[in-house]
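To start, the structure itself, in structure tokens.
For reference, chains read A, B, C, D, E and F in written order, and residue numbers begin at 1 within each chain.
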């Protein structure tokens, strides 16, 4: 099975902790040991937030802020690379062709952001599309897609299963407004819909959950099964 | 006034015609002569469609198809560069920093696409944001934003003025489904909303319309005036 | 056997047709299956001609026109890459070292043009020289080297076998003047002579002819056997 | 006067604070207003330390750790660029030629680290040498070169004036051993000696001190006046 | 007047001599002082020959040998850059667009070779074509184009004036065979013919001759006046 | 065993001699045949000295002179690559990640210099550190580290064994002053100390000595055994 895992910044690097990064590297290694081809995309986390906050105070515009975010995601990618200990190429892939080429050579590509205007959510969706992945996993700090932010709204209900179109419809309004925090951004949702990519959105703070979700399809988050995506990934015995 | 003009592929290069390209270059030159700082982003048009159609038949995935599109937009950018005859740097800018640097040196940056997953619509919005433009112009083949595709739906009504949030709300559903053709794509709309960028969407097949719209704010298309964007560009005496 | 195949633009892409590209990819795959190491160089074809014509009308100089041609050859290279479905690296090689490195890793390098002033004919000859190929094949729209353009001159006679020096002597005057169309350009001929490279020039519109010519040396075109090139490629039992 | 200012990580970014960065940008702007040509090199600070600590725990080697440091210095360079608001090129210079080219165009080059094995101290010395600066300023958290670490050793004595050779002799042993912290690293000292570069080492936490030191040569730190460096920079009236 | 000067390796660097390089830099500076826009292309000379000889003995193929030559021409370009003392960009231009961009910014571009298969003769012709030069000067070790090698054949006759087509016809046979040494290579001749570029071939060992030839058209070498090139460069009062 | 070999310019290329380069390539090949993973770094030698002398006379500064040196080391790297005949990647590695990636793919990386301010001695130490080598060999023209220059001082005594700290202490003063010529430069010594890298400094003019030293640890030069480097490389039976 070929899988792309998006490890959100809030999951991999809310602050810098070697054990946390090592745990995620370990999950990737287990998946590779199980015969999976794995591509990874990592987010920015706390350091990105700090740089963006500071740069915004200095008058940087949104595109420049995106560039700060991208640079930090690549630092985080280097942390994961260090923890993967030779399983990946020595530096983060800067575009999809580099990442795809790494996968062809049995390396684990590690990407961060690639270009202002695109989040790492979208990068993960595009990478999954590019390498024709069987599965795309969003390991976030929230266990799936909810009708509202479960951290603040006790009435928030989780969606167990969505089509790509439903995902886009849910995310579009959610991605605007004050406290709103969509677990996956709108461009990513559009790419998932366009590529008919089997996708799961789960709480990835415990890396073992990612392993279980990838290997067996077992998780407590949200399944996104776009129309036209007509089967489970090979090996899932559900 | 600093302006970014997105010249859609259907406007600049439905087929390859030197006069058409020269007309658009001439409009840019006039704007520069009038003291405007101009950045341009061009689309793919007929050749892009041909390559994408062929590559899709050969089994290329969506990200690879995007790359074909990007390469063609850069060829079209070279056509515009040739027609600008020394007003621009000799090759298309491949990222926002290159384009911004060109503008700092009083050149007209010409961009095509930059990265799979982003249309040239979105590139134009990001460039406008990056260079802190006073105005963003989408020169398309349809004169503004309509409630439906005016080519097929006689009931389609044009919106004269929208906020950025309204634009996003309109585009989101429009960007899905069979015959749907939003004049500006959803990521671009999100960037316009985020940057509070004064934007107009007009029929740009006649380059003089672009000139008039930029210099005087006069046009028959749609004004997008995001909340927080509190004034007309300098020089408009409306 | 190691072979470099130059697939002319008029052969691969007179217009954009997926079946035609797929046919050539299929021939390359067969050769690889037969144990050949294959490098390919593709030309510009109809789209290149269109861009060059348009850019010339816009006042572009010859070097700029060459650059348009190069960019289109790389788009065509991407089509062949898409059709090769993983047999090649994901993007066209931009210089000989990249292409040679691909071959070392058992990929099929696909090149287009590399630099203004050099045709893809010359690129193919240089690539053959660089990777120390056993055979260089020009798959063109004319079946070999003729004393005149066979399309317009009924007296045109085909040369069955030439030395490198004879090829240069024939091409030099041919490459000048109105209707003249040498099947291989002069720089390529010089490189063939310099490297003493076994070369065949054949009608390549039917990809199976290329296969047969490579595997068995059987064809109805022209053999160029430079002095000092003292034997047939291995495997030819002629 | 042409000056290169090394703003240490502990000075510019012990933690991320927009006001601190803005203060240093303001000092650079004042110097430019006074007619100085200014090049800057910034260090890594607290974020670099965090990444290096984490990566070391993950088993990264020293060269990889250097690369983390370099990436963070470039993020800090982007902060200074944002604060310089158009006085500098839009992205950090990655080598001396880029930086020198920026200076030729009246931009303020901003560099971080360039290559593992070289600190930003050494980068600053090399940049000063490359652009033939009149003065090199190390703005550090300690006010000059001391016989021991003044933070821990009450007997530490400051050197008011040193030759380049004396600086090297002092730094060489200092750069080894537990608590040792030379204000300038050994490679930088060697470059200062080799280029006979007029250098001052000062406490740069207050950016105004840097201004005063550059414009008038007035400071309370250490002057390094290499043999063969026979005069004060123009404009100093001491 | 815009002029491209090809300074052959045998002229600039038969061996490495600072005075010789300084003399050529001085000629370029004089031309710039006289209001000329100057682009330069330099050859390989003695060091290139040494590396090529050594690499050939080690089994390098012709394309690899070309790469050695290119690398040495770029070292020689750096020598000329050092001697031009700020008149040029700090590093050699690697393609025509870089060189053209330098000229737009009133710098003197300095190029060496660009790609295997192309001599610096051809690079100079292509650069002249690209920047639309008024004049192309080949400063070689022989004073013009001769019917045979004047160093070995006392009957060799100099051509005073040639058309581009005549140049190609002369060079084609000359560029083959043992002792043959055409003053300009065949690809360059073809480019001169194609671009209808006013060209002179002169003995450039004394840099003052280059100056005189450029400023006044006075020289004792060969004028190549392609058909369609209908006038002398501006400023020549012949 | 993984080994990095620094082949000094005075050893590989005092002048350009194919046999000498072939001899060193042959030693590398033997080591690979014996199962070693080998990385190489080569110096500049006579040609570098010539370019640096000439450029200095033309007024180039030290950083520019370093760049000349780097370019020549890369030419020498190409010679070694040609002689290695397919054992290495086709072009010199320009940074540690490229070199490390080559090693991962079972190629022999060949580096020259990487950045002004760093000698190839330091590059070799950093590469050894980066790839976590078991052994670093300096093949120089002097057989180890001496108390003074053995070529001029008959009292010069060789050190048989040094710690990293001792090496730094010895080199620091040695690297200054007229005739001084440390066999390894100070930055390299610092990197050796920092990485606790097992290092030997030997006379490498006869390539067989390098082989013997690597395979068996037998040599007549100097062993540098940093504190914390607690064992001989595997396979040494001393």
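Note that a contact is a pair of C-beta atoms (placed from the backbone, for glycine too) under 8 Å apart; a residue touches a chain by one contact, two chains touch by 3 or more.
Each chain and its UniProt protein: A, B, C, D, E, F = Uridylate kinase.
Quick caveat, the model's predicted, so the values are computed rather than measured.
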Going only through chains that touch each other, what is the minimum step count from chain D to chain F? 1
Taking each chain's centre as the mean of its C-alpha atoms, give the chain farthest from chain C. D
Between B-E and A-D, which chain pair shares more contacting C-beta pairs? A-D
Select the chain at the greatest separation from chain E, using centres from the mean of Cα atoms. A
Out of C-F, A-B or E-F, which pair touches the same way D-F does, with over half the contact pairs the same? A-B
Chain centres from averaged Cα atoms put chain B and chain D apart, in whole Å, by 44
Report the inter-chain centroid distance for chain C and chain E in whole angstrom, where each centroid is the mean of the CA atoms. 30
Just the number, please: Cα centre separation of chain B and chain F in whole Å. 55
Note: chain B residues in touch with at least two other chains are 64, 67, 97, 105
Once you draw an edge for every pair of touching chains, what topology comes out, line, ring, star, complete or other? other
Quick one: which bits of chain C touch chain F in the complex? Just the residue numbers, please. 97, 100-101, 104-105
Of all residues in chain B, which touch chain A in the complex? 61-64, 67, 95-97, 114-118, 122-123, 125-126, 129-130, 132, 165, 168-169, 172-173, 175-176, 186-187, 190-191, 193-195
The answer for chain E against chain D in the complex is residues 86, 89-91, 105
Under the definition above, what is the set of chain F residues touching chain E in their complex? 16-18, 21-22, 25, 47, 50-51, 53-55, 57-60, 64, 67-68, 71-72, 74-75, 78-79, 82-83, 85
